[in-house]
Amino acid sequence: AKPQADAPPLVIHAVDAGTFQEDFNPYHLEGVNFGTSGMIHETLMYFNKLKPGEITPWLALDHKWSDKGKSVTFTLRQNVKWSDGQPFTADDVAFTFQMLKKYPQLNRNALEIEDAEALAPDKVRVDFANTSYAKLFNIAGNSPIVPKHVWEKEKDPSTFTNPKPVGTGPYTLSKFSAQLYELVKNPSYWQPGKPEVPVLRFPAYTANALQTALQQGEVDWAGAFVPDIQKIYVQGKPEQNKFFFPPEGVVTLLPNLTDPVLAKPEVRAAMSLAIDRDKIVRVAERGYTKVAHPTGVPMPGGEAYIPPEYRALSYKVDVEKAKELLKGVDPAQLKFTLLVPSPFTDWVNAAQLIREDLAKIGITVETRGVAFQDWVSKVGKGNYDLSIRATASGPTPYFQMRSMLFGGLAEPVGEAATGNYERWKDAETDKLIDAYAATEDEAEQQKATQGLGKIMVEKMPTLPLFYSPSWAQYRTNKYVGWPSEQDPYAMPSPYTSPDAAVVLLHLKPAGK
Amino acid sequence: MRFLARRLGFYLLTAWAAITLNFLIPRLMPGDPVELLVARMKGNVDPAAIDAMRRAFGISDASLWQQYLDYLGNLAHGELGRSITFFPAEVSTVIADSLPWTVGLVGVATLISYLIGTALGVIMAWKRGTWLDGVLPAATFMHAVPYFWVALALVFVFGVTLQWFPVSRAYGLDVMPGLTGEFAQSVLYHAALPAITIVVASMADRILGMRNVMVTTLGEDYVVMAEAKGLTSRRVMWAYAARNAILPNITSFALSLGFVVGGSVLTEIVFSYPGIGSMLLKGVENEDFPLMQGIFLVISLAVLVANFLADLAYVVLDPRTRQESE
Amino acid sequence: MKIKLGAGILVFFALMAVFGPLLIGADPAATSEDGLQGPSAQHWLGTTQTGQDILVQIVYGARVSLGVGVLSALIATVLAVAVGLVGGYVGGAVDEALSVLTNIFLVLPALPLIIVLAGYLPQRGVASVAVVIAVTGWAWGARVLRAQTLSVRRRDFVQAARASGEGPLRIVFYEILPVLLPVIATSFLATVVAAILAEAGLSFLGLADLSTVSWGSMLYFAQNGQALLIGAWWWFIPPGLCIALIGTGLALVNFGIDEIANPRLRTIKAPRKARA
Amino acid sequence: MNILEGRELTKHFTAARGPRGRFGRRPPVRAVDGVSIALRAGAVTALVGESGCGKSTVARLLAQVYPATSGEVLLRGEPVRAHRGAAFREYRRQVQLIFQDPFASLNPFHRVRYHLARPLRLHGHARSDAEEREQVAELLERVSLTPVEQFMDKMPHELSGGQRQRVAIARALAVRPVALIADEPVSMLDVSIRLGVLRLLEGLARDSGLALLYITHDIASARYFAEDITVMYAGRLIESGPSEELTQSPRHPYTRLLLDSAPDPDRVAAPGGRRHGEPPSLIDPPGGCRFHPRCPVALPVCSTEVPGRTELGEGHWTHCWQAETALTR
Amino acid sequence: MNVLEIRDLGVDYLSGTGAVHAVSGVSLDLRRGEILGLAGESGSGKSTLANAVARLLRPPASITSGSVVYHRQDGSAVDVLALGKNELRAFRWKELAVVFQSAMNSLNPVITVGAQIDDVLRIHAPRMSRAERTERSVELLQRVGISADRRRSYPHELSGGMRQRAAIAIALALNPEIIIMDEPTTALDVVVQRDILAEIKALREEYGFAVVFITHDLSLLMEISDRIAIMYAGRVVETGTAKALHRAPRHPYTLGLLRSFPRLHGPREELLGIPGTPPDLRSPPPGCAFHPRCAMAVAECSERLPVLTAAGDGEVACLLNDGRGVS
C-alpha cells in the first residue's frame, strides 16, 4: 500500500496535562509522555487483557522457560531496525534487562533479574532469582526495549529524559513543545505498510479543557471520564462519535476484616444483598460500566477463569434476606464509617447510595470523603471500617485476585499494605495463588483462578461492585478499525500501552 | 536610605521564615508521595520497587537538622530538587516554564486593575452624591465574589455560550512559541478571559480602598485650601487629594498582592492556564513536596519583592519618608 | 441603611443555616434518578447530575460555609487580639518579635499557604479547614489591632488609669479592649468573608472534605460535572451567588461600622440649594 | 516644707522618629536638662514655657511616669527609688497627674462612677459598695459636680469639657494624694470655663494643703493662680520667683520676651516688629545659654558658657549672664 | 467702603438627629483694608461663617438663607453665593484668600512649598512665564521672612512658624482684597505668634487687604484688630471697634469674656468667667441664646430674640437697656 500523503493527523488525548515535560524515558513513571512505550519503544510480546491468554509475538517470536521457571529464553524477530538505522539485536534486550537489574528504581515490575545474556544475535536469556512464570507479562509485555547503542552512553538512565528517542516502534518523535508533541510514522517499521496513520498529535489538555475539546470535536481519540457523554461528546451522532468502556479490574467495597463485626461472613453477605449495584452503576457511574460478576472477574472475556457453576451468577437485591442474616448481630455494632477519596466524585456518589441501601437493613454508615493521599494512607494501613477501592489488573484475572486476596500482602494494621487491604487471611486462598505461580500450563492456571473465584462468591472477603471502566472515546470520521465489543483486539483507551500502538496499527483511513 | 535598609532587613527575615516554613511543613505532616504514586498507577508499579523509588525521589532519613542544612545549601545553589510529579524534571525547570505565564498574566491584570480601580475610586470619592455612588453596591458585591466563580461565569458566557474567547491554555495549539506576531496575538487572545477575571475580581478592593482613603483625604485642610486657591477641579482631585490618598493605599495594595496571587491560582486552574497556580495544584494533588515547596517559595518571594517595590514607590512618592522612618 | 441591608442579608443566611435544614429535613446528599433538571416546581433550583436537590444543598451548605467562616474568624480574631494587644501594650522586644511574626504572615500569600497546608492535612473536616484558614488569616487583624493599641495606649485615659494604680491586665481588658471593639468587630467580619472565600476556594480545588456539602464543594462538583458545558447554570450560579451575597452582607455591615467610626465616609446626598 | 522635689532632673529621649544623624544613629532629644523644682504644701507653683520646652516631661518625671536619665525625685525629702511593686504604688498614691485634654483622659466606655470608684477600691479607701457610693458622691461634690446623683451615671461624652476636667480632677483626688501635677489642665477648655477649673484647683491647694504644680504656657494665668512661677526654656530653667515679682520685674530676657509677646489689650504700644526666630532644636541645642541666638542683649560669653544661678533675693533667681554681670558689677 | 457685606446668613449642618444651626441670621460688614476680629467660644460658628463666605462649605453643611455681597474696587458688586463655577474660581484667591488654623494640615505634604505657590500663579495668571513665577514665589517667601532656598522644601521640613508664614505667602500671591485667617496662630507659641501678628500687620499696611481674623483669644484680637465681632451660638451678638469693646463692652457675654482673661499688668482684678456651657445648636434656648448663662438676664430674655441694633459706634444684640446692652 502506498503511504497516504493526504491522510489526516490523528489528535490523541491520553493523559491530563497542563503542559508536557520533554521526557521520553519509557521507564519513568509519571512525567513520561504517552506513546513512548508501544509507539516508540516496543515490548517483546503483546498481551491482550480483553482476551486473557491471547498473546501476540512482537519483538520476540517465542519464549521458552527453563530451570523451573527461573530462566526464560526469547527468540527475537529478525530484520528489525532502530529508527536511527541500527539493527535491533539480542544485545539490546540483554542491555535493557541488565539496566533494570542495576537501577531498581526503574524496575517498576520488580523483576528479580539475576542476569541477562545475549546467546546469539536473535537469542537472549534472562535469569531470575525465583520462579517467574506468572511474571511473563511483566517481562515480555511490559518492559519496553531500549537501544543499547544510545542508552549505554548515558551515565544515569534513571534521570535520563531521552529527548530524542530512538525506538523500534511504528512512530518517531518529530516535534515537541510544552503544549504539543507530534509523532510521525517510522518509515522503516518492521510491519510493512503500517501504520496507516501518518501523524499523531498529542496536545496538552487538562481534564477540564479536554471536555471542551471533546465537545468541539478537536480530539479524535481520548480516554476520559465525561460526566454527560451524550451531551458533551456524542451530540446525537452515535455512529461517528463512539465510545467503548471495557472493564479493567474491579471496584469493590472493602470491609476491614480486622473489625470483629465485619469479619463475620453473614454481615458481609447481608451488605452484599442490600446494595443495589444496578442503581450505583446507573446513578453514580452514569451507566458507563457494568455491575461486576460476583467473582470479580471481568466479563465478558474472563469466562474461562470463572467456575462453571457460577458463570451465570449475578447480584440480586434482597433486603429481607439480608435482614434475616443480621438477626444474630447486635444492631448497636452495625455502625461504620465509609472512607472515600473525595476527588473521585463517582465513588463519593456511590458511597452515598451504599449508605442509603445499608440503612435499609439497619446498618448505619457515615460516609467520609478524605483527601486522596489520606485515603491511600488510611486504607493502606488498615485504619478504616469500610472503603471503596479498585484493584490492580493484569493480563489475566489472576493478578487481580492475587492483589485482592493474597495473604502475603496482608500487613498488620498500622503498616502500609500494597494489596489485600481488607486483610484476608486464608490458607486455601494462598495455596491457589501459589499453584498458579508455579505452573506454566494455562489450564492449570485457569483452574487455580476458578478456585479463587469460588472463594470470592462464597466467602465474600471483599464485595465487588462494578468494573472499573477503561475510558475510550474515538471518532470514526478520519479513521476506522477501532476495537469494539465485537472485536476487542486491544484495550481501546489511548492511555494503555502498548495496546494503543496495537490499535494504531489496526486503523485505516475512513471512506476507503 | 535607612528606612529602606530596615525594610530590606525585614524582607530578608520574612524570606528566611518562608524558606524555613516551607522546609518544615512537609516534614511535620504525614504522607508519602511514593505510596501515592503507586496508588495512582493502580498496580502498574510493583510494590517491591517502592524503596528504590523512594531513594530516587530523594526522600531521606537523615536528621531534620541535617536535612535543613542540605536544603539551605541546595537553595543557595538555586536547586529546589526534582519534582515527583514530573520526575525527573528539576523543580526549577518546572517553575521556570510556568512562572512567566503567571507573572505575565497576574502582572498585567494587576496593573490594569490597580490603575482602573484607583482611578475609579478617586472619581467616585470626588463625585460623591452623584449616580456614581451606584457603583458602590456593585463594588461591594464584587469584593466578595470568589475569583473562580467569576472565572466560571466568564467561561460560561464568553467561552461556551458566545464562543468569543478560548477558555483554556495559554496560546493556540497550532502556534509554535517564538517571537512572532502570531504567537503574541494568540497569547493575548488566550489571556483575555483570565485577565478579565483577575481585573474584575480584584478591582473592587482597589475601588473601595481608594474611595475610602480619598474621602477622608478630601476632608483634609490642604484639599479645602487647594479648592480655596481656585485651582481646577482636576488639579485638586489628582495633585492634591489623590496624590496623598494613594500613599496609604500603596501598602495595602502591596499586601493585597498576596490575595491576588491566591485568586489567580484559582483562576489559572479554571482556565487550565499553564502557570504556577496549576502547577501548585498538581503538586498538592501528588504530594509532590519539592514542587509545592518550590512554588510556594517562589510565590512568597515574588510577593516579598513586590512589597519591597511598593516600599520603594512609597519612598519616591512621599517626601516625608525620605527623611523620617516608618 | 447599609448596616440594615447588610444585617438583613446576614440574618437571612444565618436563619437559613440554623433552621433551614430543620425545615427542609431532606438529605442534601440524597441522590435521585432525575439528574440535571432545571429549576421546577418540584426542585426549585433544579438538580445536580446525580439528582441531588440544589436548594437543599444550598441550605445545608450555608451551615458549612458560614460555620467555617465564623469558626475560623473566631480563632483568627482571638489570635489577632492576643498578638495585637500584647504586642501593642507590652512593647519592646516582645512587640518587635510579634510584629515581625505578624508581618511575615501578612506578606506570605495566604491562599497558596492554605493550599499547601491543606495539602498536608491529615483530616479535612470542617474544623481543620477552619484552623488552617485561621492560621493564615489572623495577621491583618493583629496588625490593625496593634496599631490601634499603640495609639490607645498613649491616650491619656490609659496613662491616667495607670497613674491611679491599675494593673496591666485590667488596663488591657477594661480600658483598651472596649475601645478596640469596633475595630475588632470589623476585623472579625472581614475575616469571616476571607474565610468563606478561602473555604470555597479550597473545596473548589477538591482540597476540603467533599462528602460534606458546602457551597465550595457544590461548585467543585458542578465544575467536575461540567455544568458549564452542559449549560446547567442552575448548578453553579446559586452557590457562587450565595457566597458573594454573604460577603456583600458582611462587607456592608463593615462599611456601616466604618462609617459610624468615620462619618466622612458616609454616602451623602448633595443637598439642594435651600437658599432664600 | 517641700512635699515633692525634683533635683537636677535630666531626661534624654532616644527618639523613635525624627531625623537621623549621619551615621544613622538617632541623636537623643535633650528634653530636660538639670531641672530642679520644688512643690510646697498648700501652694501652687507654676511652670511656664513655650511649646516643646519640656514642661510635660518635667511633670512626668515628677510623677515617675518614666525614670529620669539623671537626677532624683524626693517625696517629703526622701529620694524615690522604687519603680515597681508596692513601694511604687505607694508613690503613685501620693502624687497624681491631671492631663491636658479632658476629652482624652476619660475612657469613653466607662461611666463617671467607674472612673472615681476604681481608684477608691484600688487604694483601699472604699471597701463596700455603700462606702464607695458615699465617697464618689463626696468627690463629685468637692469638684462641684452637683447634683451628684445626676453626674454619677453619666458617660464622658455626655459631659462638657469643663465637667470632664472636673471628673479627671476628682479621680486624682480619689487617691488622696499629697501632690497634684496639672499639665495644662485648662488649655483645651474654652476661656469662659477655664476660670472655674482653675479656681477649683486653687481651692484644693489652699483648703486641703495639696502641693500643686500648674503647668501652662499662659503666663498671665500663672500670675493669677500661682504663688511662684518658674520659667523654662528649651529644657532648662531660666528664671523663677514669686509670681507678682516675676511678672512685673522679670530679669531674664526670655521672660521679658514672653511677657511682651503675650497678648494684652491694655498694652499701650505694640512691641517692635523685630523677628525672634524659631525655638531651638532640642536635639542639637545651642551651646552656652540656650536662648542666646534669639537674645537681644546677648554677650559673647552667652554662646559659650552656661550661666549659673543668680539669686536675686526673696526666692527670685535666674540663669543669665546679664543678671550675673549686673549683680557682680 | 464695605468690601464685603454679609446679610442674614444662615448655615445648617444636616444630620440624622436634626439640623445644627451653626450660623443663623448673621449680618456683618467688612470694610476695605480693615482687620476685623471674629471671636467667640468654640463651636460658636466662626469657622462656618468664614467657610460660607469663601464658599468652602461641604455637605452636610448647607446655606439656608442670606447673601454675601462682594464689592469690587471699581464699585461693581457680586453675590458670592450666586457665583458660577468659573467665576467662583477666579473670586477665590484673586479676591479672597484663606489661611487656615493648622498650616501643617493646609499645606499639601507631598508638594514643595514653592510649587504650591506656583500652582496658584499658574492657574490664575496664565500669562506669567515660568521664570516670572519662580521670581514671584521667591519674592513672596522673602516677604514673609522665609529665605529663597526654602522654596524647594517640603512642608514637613519647615518649623511650625515657617509653615504658617508659607501659608500666608500663598495667600498673598495674587494680592487679594480679603484674607480670611481662621485661627492662624493658635497652634504656635506666643513669641512666634507675636512675630506673625507683626508680619500680618505690616503686610496689611503694604498691600491694603482686609482681614477677617478668627480666634478664641479676645485679648489678642483687642490688640490687633480694628473692629471686632463677637459670636455666640451662631449669632453675632456684638460688633464694635476694638477700643470700644475693650473699654465698654455692651453685651453681657462680651463682658464675661473680657473678665475671663487674666491680665499681665496692673492690679489683679477679680476674674469672673462665665458659668455654664454653650447651648446645643440643634435646639438653642428660646429668646437670647445666652440667657441661661447670663447673670443680668431678665424674664424677657427667654422670650424674645434680640436683634443686632446700633449702639454707640457699634452694634449689640441685647434686650437690656432698650437694646443698648450693658452700659
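Each chain gets a letter, A, B, C, D and E, in the order it is written, and its residues are counted from 1.
Going forward, contacts are C-beta pairs under 8 Å (C-beta built on N, C-alpha and C of every residue); 3 or more make two chains touch, one makes a residue touch a chain.
Predicted model, so just to flag it, every value in this text is computed and none were measured.
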item: Shared interface partners, meaning chains that touch subunit B and subunit D; value: C, E
item: Chain pair showing more contacts of the two, A-B and A-C; value: A-B
item: Identity of the chain that, by mean CA position, is farthest from subunit E; value: A
item: Chain whose mean Cα position lies farthest from subunit D; value: A
item: Distance from subunit E to subunit B - Cα centre to Cα centre, in angstrom; value: 53
item: Whole-Å gap separating subunit C and subunit D, where each centre is the average of the chain's CA atoms; value: 50
item: Whole-Å gap separating subunit B and subunit C, where each centre is the average of the chain's CA atoms; value: 21
item: Intercentroid distance (Cα basis), subunit E paired with subunit A, Å; value: 91
item: Per-residue overlap in subunit B, given as positions that touch at least 2 other chains; value: 30-31, 129, 159-160, 219, 270, 285, 287, 323-324
item: Junction residues of subunit A - those touching two or more other chains; value: 208, 212, 343, 374
item: Residues of subunit D touching at least two other chains; value: none
item: Subunit D residues within the subunit E interface of the complex; value: 50-51, 160, 162-163, 190-196, 217-221, 223-224, 247-248, 257-267, 270-271, 273, 275-276, 278-279, 294
item: Contact footprint of subunit A on subunit C as seen in their complex; value: 29-33, 35-36, 49-51, 119, 121-124, 206-207, 209-212, 221, 223-226, 229-230
item: In the complex with subunit D, residue positions of subunit E that touch it; value: 41-42, 145, 159, 161-162, 188-195, 198, 201-202, 216-220, 222-223, 242, 246, 256-257, 260-266, 268, 271-275, 277-278
item: Subunit B-touching residues of subunit E, taken from the complex the two chains share; value: 54, 56, 58-59, 88-94, 97-98, 100-102, 105-111, 119-120, 123-124, 154, 156-157, 167, 170
item: List of subunit C residues in touch with subunit D within their complex; value: 155-161, 163-166, 174-175, 178-179
